[in-house]
Amino acid sequence: MSLLLIPLLGALLMLAFVRGEAARPLSLLAALANLGLTIGYLFWYNPNNPYLMLADFSWIPQAGIRFKLGVDGTGLAMLLLTNLLTPLIIGSTYSRKLPGVFYGLVLLMQAALVGVFTALDGIVFYVFWELALLPIYFICAVWGGEDRVRITLKFFIYTFIGSLFMLLGLIYLQQHAPGQTFDWADLMKADLTPGASTWVTLAFFLAFAIKMPVFPFHTWQPDTYVNAPTGGAMLLSGIMLKMGIYGVIRWMLPLSDGAAQLYPTFIALAIVGIVYASVIAIRLQDIKRIIAYASIAHVGLIAAGVFVGNETALQGAILQMLNHGINIVGLFFVSDIIENRTKSRQLNELGGIAKQAPVFAALFMIIMLGTVAVPLTNGFAGELLLLKGLYEYHIWAAATAGLTLILCAVYMLRIYQFAMFGPAKALTEGFRDVRGSELIVLGVIAALVIVLGVYPQPVLDLTKAATGLLLEMK
Amino acid sequence: MTATLFYILALVSVVGAIAVIAARNPVYSVLCLVVTFFAIAGQYVLLNAQFLAIVHVIVYAGAIMVLFLFVLMMLNLNRESEPLQPTLIKVIAVASGGMLLLTLVAALRGVERIPLAGAQDTQLGLVKNLGRLLFTEYVAPFEISSILFLAAMVGAVTIGMRSKSDKREIINHL
Amino acid sequence: MDNTITVTQVIPIEMYVWLSAALFAIGVTGVLLRRNAIVVLMCIELMLNAVNLLLAAFSTYLSDASGQIMVFFIMVVAAAEASVGLALLVMIYRNTKSVDISFLNKLKW
Amino acid sequence: MIPWILLLPLLGFVFSGLAGKYLPKALTGTIATGAVFIPFLLSLTLFGRLGQEPAMTVTLFDWLAVGDFHIPFSLLVDRLSVWMMLIITGIGALIHLYSIGYMHDDARFHLFFAYLNLFVFFMLLLVMADNYLILFFGWEGVGLCSYFLIGFWNQNPEYGKAARKAFIMNRIGDLGLLLGLFMLFQLFGSLTYSEIFSRLETMRLAEGALTVATLLLFVGAMGKSAQIPLYTWLPDAMAGPTPVSALIHAATMVTAGIYLIVRSAALFQLAPDTMEIITYTGLATSLFAAVIGLRQNDIKKVLAYSTVSQLGLMFLALGVGAYGSAMFHLTTHAFFKALLFLGAGSVIHAMGGEQDIRRMGGLKSRLPQTFWTFVVGTLAIIGFPLLSGFFSKDEILASVFLHSSVLWGLALISSAITAFYMLRLFFLTFYGKFRGTDEQSAHLHESPLMMTLPLMALAVLSAAGGLINLPELFAGDSGQWLANWYEGGVQEFQSAGHQLSHAVEWGLMGMASFVAIAAIGICYQIYVKKADLPREDVALKGWNRWAANKFYVDELYDAIVVRPLEKGASWLHGVIDRRLIDGFVNTVGALPSRISRFARLLQNGNIAFYLFGMVLGIILILILNFVMGTDLL
Amino acid sequence: MKALIILALTGVFTLFAGLNASKRSVVQVIAATGLGLALVATIWDRFWAAPFSIGNMLTFDHYALAFGSVAILITLLIVLLGRSGYQGDSENFGDFKALLVFSLCGALCLFSFDNLIMLFLGIEILSIPLYVLAGIRKNYPASNEAALKYFFMGAFATGILLFGITLIYGASASFSLSEISKIASSGNQLPGMLKVGILMVLIGLSFKVAAAPFHFWSPDVYEGSPNLVTLFMATVVKMAGFGAFFRLFDLSFAQISGVWAPTLAVMALLTMSIGNLTALFQTGFKRMLAYSSIAHAGYLLLGILACTRYGGGALLLYTLAYAVATVCAFTVFILVAQEKPEETTGMDAFRGLGRRQPLAAFAMTLAMLSMAGIPPLAGFFGKYFLFAQAFPDYFWLVIAAVVNSAISIVYYFRVITEMYFKPSDGVEAAPLTLPLAYRFVLVAAILILFAISILPGLILSWVG
């Protein structure tokens, strides 16, 4: 419960009272406190007793809604993701405009995300799911770029429509659940006809697919990322889209028996998305946009793995969610540093940064390698498991999805080549190397990239029991 | 005799009503409406609702219609040349009214199936009977309608009063 | 009046329903047809009277006095409405020198 | 001790990378060299210990365990891997030493050594892995280091492009390898070598499954070892500093494919179709690259194509099942190719960066040490009798002959071409008159001892390396030390020599020697006596022109892969993504506003109209409820 | 009942106090005190008194008291705004307050009627003061027009309603709801007259709640009326309409839902779609809210159609959330509109409000988000319960409602965009002072909104 309350109260305090410089350190403090708490939970967690209840009390008894929060290994992994990335995100952003509000919103977002990842009640889940949308909407629309209002609204409505269908799905489930409650376990036992199961699954899919996003529901995403302030883009890509994947794992997979015929389509869409987004990323000029499409591709792989839903793929997906979160935050931070110093994100205007800023270049390289999934970086372990899971589904699935290994190398190396290598250009002359908090944040990210790559097993141990249970439900 | 009376009164009321909406001069409309009201009062008598008939004549023909006439005169609207709706709208209006009548009649075809009370209580419409009812069973609405009156009174005064404090030139908006 | 033939014996209730419906429809037609606000108001009164007539008829045919009570209340309301309505008309006339409802179309879309 | 072999280069990498900037170059270089040389010594002791025990395994930790997918991070040292370790660390140490001199003037000296150390780490990981996945770590890791080092001079966009090309082409192969691993796991339930090979005997495998799996492994090998069709990156990789070319693109990394197949010999043995494909791929690559090599003028490019060609030869050997021969050639090739590259490096160093052999000539007297070592290297590669290349190549040719005489003939032609282009290179570089600028001429100098010392060491090895596995013909079974040694530890090794009669063997050897010697004569005539200089590319005609332009393979790939991909990317983004999908989304999104434009006109402000709407509503409700169905409810 | 009496007296006292035009604060205090007392009385009755019935005419049961207390609360908030927000002539200030209170009396009747006569009277008591209130800015043409339009169409609708009541009476020989529902639930073939009557009553009530196609009056009237009156119409009047709707159709005619439900379902669909689609294109804030209130009426009709699960609780929750949000929105609107000339109270009036007056902007944001139904705000729970209970039977309608809610985001967020995201400069950037009463209302509204979202179950059980 305090996991939820620390950021929530922090956010309210920030929004109401804190103005000016103090905002960043204070919010960082709150986020770090939450991280500490999460780590405490990690030690406390006993895989033999899968659910660690955080809160459970009656909320709206008339509708069978309890305020029930609890985590299993999967949830803990997601909590770790959220609470690990939030301090990094806070550390990597500077808001000169209304810092109190900005960091307050970030903390609010964190609270909502914690709620999403711990909710064990359908409505609680839905409420947090949507609550997470509000702060990010404001962050993007207030601090965003040129065309922010229109694009952010599109993003909001697009994802909102999807979620509404999920809500309908939840309501339908509840009305057919044995206990007529929204309790997760009860919902998953809902007695559905195959037709109903199909519709419910489709409704859930729509919500999750838009959030992730899965091809062809992805078009909101690149524009939003490009126009969002970097902190917003980090929140969106690092944590928020994981909501969709987590949603599939917790809310969609366990009830899929009647809708099994849909899954091949889902998998196909996810895989098409991988190749599609990767190919598009090859020719773009805007670094942020490339990262956005890269994110679609990577998430496509995770999504494909989740839809396949075997143990390997699921574990890989959870691991990869964590890894992708770390990497993408790193990438966005890198692009932010570049943009701040050169006032440009266009590859053809950049070059030669490596020579000016060797430390930056090295850290960027490590993060990039994590993204490209070179062994002994974090990206590899996750993608390995995902591809293996896909292979277990079908060899061609793995082979096609595996193209990401090649194409990702193509576009990421291209970014690196054009931004960092080659002769320096007018904009990149005198590029200052990273120091201070930039160095700390990038360093932490790079260290995580390597540590999780060399020894991913702890994360997998964490999620092992939980995925096992989820698979049994199916 | 009763039946004949009924038909005559019905005819008068309908013709009167049509005249109300057809007359070009509003004053004629008022007068025709008064005729219609009288015909309706006749129906009340036929229906053994004598008190109702009296009150009807007093309130409607006596008070409300006079009020109308008064306003008409005050506003000096007793002209023949008042603007009329375009023909198309006239046609549509009449057609709509006709349609409404048709559908109402069609919808109400089965009315005779209602079991009606066999014995008629001729004392029903007398003031004694109604008065007792009004002050026993219907005392609550009776009292509450006082709020209605009060509100209407206050409202009419508020609206009808020329505003004192206003010094602004009224833009001739219309 | 014991010796007179009561209307309930010779006229079926249907006739009253039709008559009221006709008056009501005429009232509605008038509301649609006329532009003079006062006439429109009269047409509304006509509609109310159609209702009153029907109520009285039902009251007699059903031998239930509450219908007639209702007629009183309707009269009350009609009077109140008429007074407020006329006050409104006067006010508008003061402002616009017209009681033509088709000019009242500045608020739209 | 085994983990330390791995750890030292890694520590060297960390040290050089972090601290090297602030230390004197000599110190950094020495430490980095030590970080490779000490593992060499350690490997030597392991080598000694392996006399008694067949293999040593060390498990460091469980890298990953999901369900039954269990990957321990464990290392295996057996006779095969220790041999590779010796080559890697030994040659690696020499090249480190050489680089101290070669890279002396470079501003990012420390980084260079960091990358080299990292490379050695990954390469060692590759050969020391106990299972395929850890091998894959090393496999990708060396590719990565190769990328770093090819693009070491990253100010030059062309070099960057070459580096990316190398990485991406390797990745294509890696994907194949990865799929192969999945398949192996599916078949055997494990990726650990010993478990797979032990289960191989007891298991009944589906027809063709193993063929597909081995083919996928071979795809990986193709990428790494630059076989057709994934070879074009290697010549471009010459953009890197020359020591890199020597270490990575000649001696070690590119032989990883050979190692992989030798390591998996037990599997390949059961997949004859794959073996067939390997044979032809190897042969074709060998010939094709050799022909291109004939018309290259960049000293390093010639060597690069030569490497491709020689690798092809090794695959040919693998294809016919002569694993021992392949390993033997791998070893000798490592010696002489490293030597040649370092020699070329010395030349380039002396010429101030010039790489075109048309601008060289007459360096024999100016660079004596380089020249003499280069002589040894050249003779070794063309198979001059009794030098290392002679023996190893001879063994391969003998094995191939045993398989098919036609293949043998083609392989011999390939050797002959090899001899031609190497000699062409050699003569044009060292004989005749100096053709460079005066400035270059003034600058010409022999390289420092730091650089010539490794040259000499490698020259010795190139010359005498053949002794480790003398043909049975010369020294009987006991002479075949390497083969015997392998056979003692790895069961799939078989020696082809036993089945050929001595007469045939003499004949084959004679043919090969004749080709080498004849080539020397002819080339001497052409390039020294006649001083026939290669013409400019534009003047070339017919196949010469094709060969000089590498048969336009790069252009072909460009046309059928790269450009369609780029076009497709723009099309997908512009047309499909923006206009079609997003356009659809936006259209749907704008629909309500469009409707709104008209819907609001209903509210036209006219009371009569509103009343009419109400009446219409009433009529419709009544009609729908009562008139349509006469008795609704 | 206590509340009704207190309110009637309050109205009279306010009238007298208003005779002295210069003593606005006296009027204000009397009205506020009366309303406060009425509120206390209602809540008292709700929790500590037995249900009380007056001769088959009015029954003050939990349902009536719950809705009544909410309506009184909202009126109280409106009255608190009334000092500086009042736009009419100053000599009518007392009348204005009194008429509001009288109108509220009508609303209370509509929550508690037991007899069709009371329904009719309640509607009239509610409406007649409103006709006047709409036109209380006597010199403002739009106000005149609004009043007249409202009056004519209201009177016309009254005619329809009365015709329906008459027909029901004809079929059942009584105005008493209990008698009528006896006939309705007798299981015999229903008289045709009853069916027609019920539909005509439905139409009459639909007019009051502005359900399509009887919604035409509402945008024009909302736009033209003085702000406070519009606020009252959008909140209390709408609530009263739905209170009556529910009481009539769900508590009395539930068994014969086959008669009215199909019609109502189509109307619900039309209402929410027309409301939302038209609101999209609006540039004026009041008019936009008018259309949005039509859309909300559409959703609320879902609560009339299906009240199986939560009874009137869902309806109460929704109307409360909606009304409080509307109060918030109007409070802020009145604040920013004060410094604008009448004709330009478009969305841009809110520009830069996020900096000029953060509290007001925050309240406005909450209001908009709540109306859009975005969790975890109050409006979401309102929608949730309505949709959830309608879901099994009116699946298609719920989907339409869901799509409509998504569309509605566009226009609600336009306000937020203006407040926070559009650059502001010059006069638009100057800080805006917030009068104490406004501050109080806003804080109260925000607290209520949060309270609803934290404990929706409590409101839900309010009527039970």
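By letter and in written order, the chains are A, B, C, D and E; residue numbering begins at 1 in each of them.
Keep this in mind: a contact is a pair of C-beta atoms (placed from the backbone, for glycine too) under 8 Å apart; a residue touches a chain by one contact, two chains touch by 3 or more.
Here the structure is a predicted model, which is why all the values come from computation and not from measurement.
Visitor: What is the set of chains touching both subunit C and subunit D?
Guide: The common neighbours are B, E.
Visitor: Tell me which chains count as touching both subunit A and subunit D.
Guide: For subunit A paired with subunit D, the chains in contact with each are E, in label order.
Visitor: Please work out which of C-E and A-E is bridged by more C-beta pairs in contact, and write that pair.
Guide: C-E
Visitor: Farthest from subunit A by Cα centre, which chain is it? Let me know.
Guide: In terms of C-alpha centroids, the chain at the greatest distance from subunit A is B.
Visitor: Would you mind checking which chain's C-alpha centre is most distant from the centre of subunit C?
Guide: Of all the other chains, the one whose centre lies farthest from subunit C is D.
Visitor: Specify the chain with the shortest distance from its C-alpha centroid to the centroid of every protein C-alpha atom present.
Guide: A
Visitor: At what distance in angstrom does the C-alpha mean of subunit C lie from that of subunit A?
Guide: 67
Visitor: With chain centres defined as C-alpha means, what is the inter-centre distance between subunit B and subunit E in Å?
Guide: Whole-Å distance between the two chain centres: 30.
Visitor: Starting from the mean Cα coordinates of subunit D and subunit E, work out the distance between those two points in Å.
Guide: Here subunit D and subunit E have centroids separated by 77 Å.
Visitor: Could you please state the distance in Å, as a whole number, between where the Cα atoms of subunit B are centred and where those of subunit D are centred?
Guide: Measuring from centre to centre gives 102 Å for this pair.
Visitor: What are the residue numbers in subunit D that touch two or more other chains?
Guide: 600, 603, 605, 607-608, 611-612, 615-616, 618, 622, 625-626
Visitor: Going through subunit B residue by residue, note those that touch at least 2 other chains and give them in order.
Guide: 85, 89, 92-93, 96-97, 100, 104, 107-108, 111, 114, 117, 137-138, 141, 145, 148, 151-152, 155-157, 159, 170, 173-174
Visitor: List, in ascending order, every residue of subunit E touching at least 2 other chains.
Guide: Within subunit E, residues 117, 121, 124, 128, 131-132, 135, 138-139, 141-142, 147-149, 152, 156, 167, 170, 173, 192-193, 195-196, 219-220, 410 contact more than one other chain.
Visitor: What are the touching chain pairs in this one?
Guide: A-D, A-E, B-C, B-D, B-E, C-D, C-E, D-E
Visitor: Mind pulling up the subunit B residues that touch subunit D in the complex?
Guide: 85, 89, 92-93, 96-97, 99-100, 103-104, 106-107
Visitor: Could you pull out which subunit A residues touch subunit E in their complex?
Guide: 59-63, 65, 123, 126-131, 133-134, 138, 141-142, 148-149, 153, 156-157, 160-161, 164-165, 167-168, 171-172, 174-175
Visitor: Can you name the residues of subunit C that touch subunit E in the complex?
Guide: Going by the criterion above, the answer is residues 13, 17, 20, 24, 27-28, 31, 37, 40-41, 44, 47-48, 50-51, 54-55, 58, 62, 64, 66-67, 69-70, 73-74, 77, 80-81, 84-85, 87-89, 91-92, 95-96, 101, 104-108.
Visitor: Can you name the residues of subunit D that touch subunit E in the complex?
Guide: Residues of subunit D touching subunit E: 592-593, 595-597, 599-600, 602-603, 605, 607, 609-611, 613-614, 616-618, 621-622, 624-626, 632-633.
Visitor: Across the complex, what residues on subunit B touch subunit E?
Guide: Residues of subunit B touching subunit E: 104, 107-111, 113-114, 117, 136-141, 144-145, 147-148, 150-152, 154-159, 163-166, 168, 170-171, 173-174.
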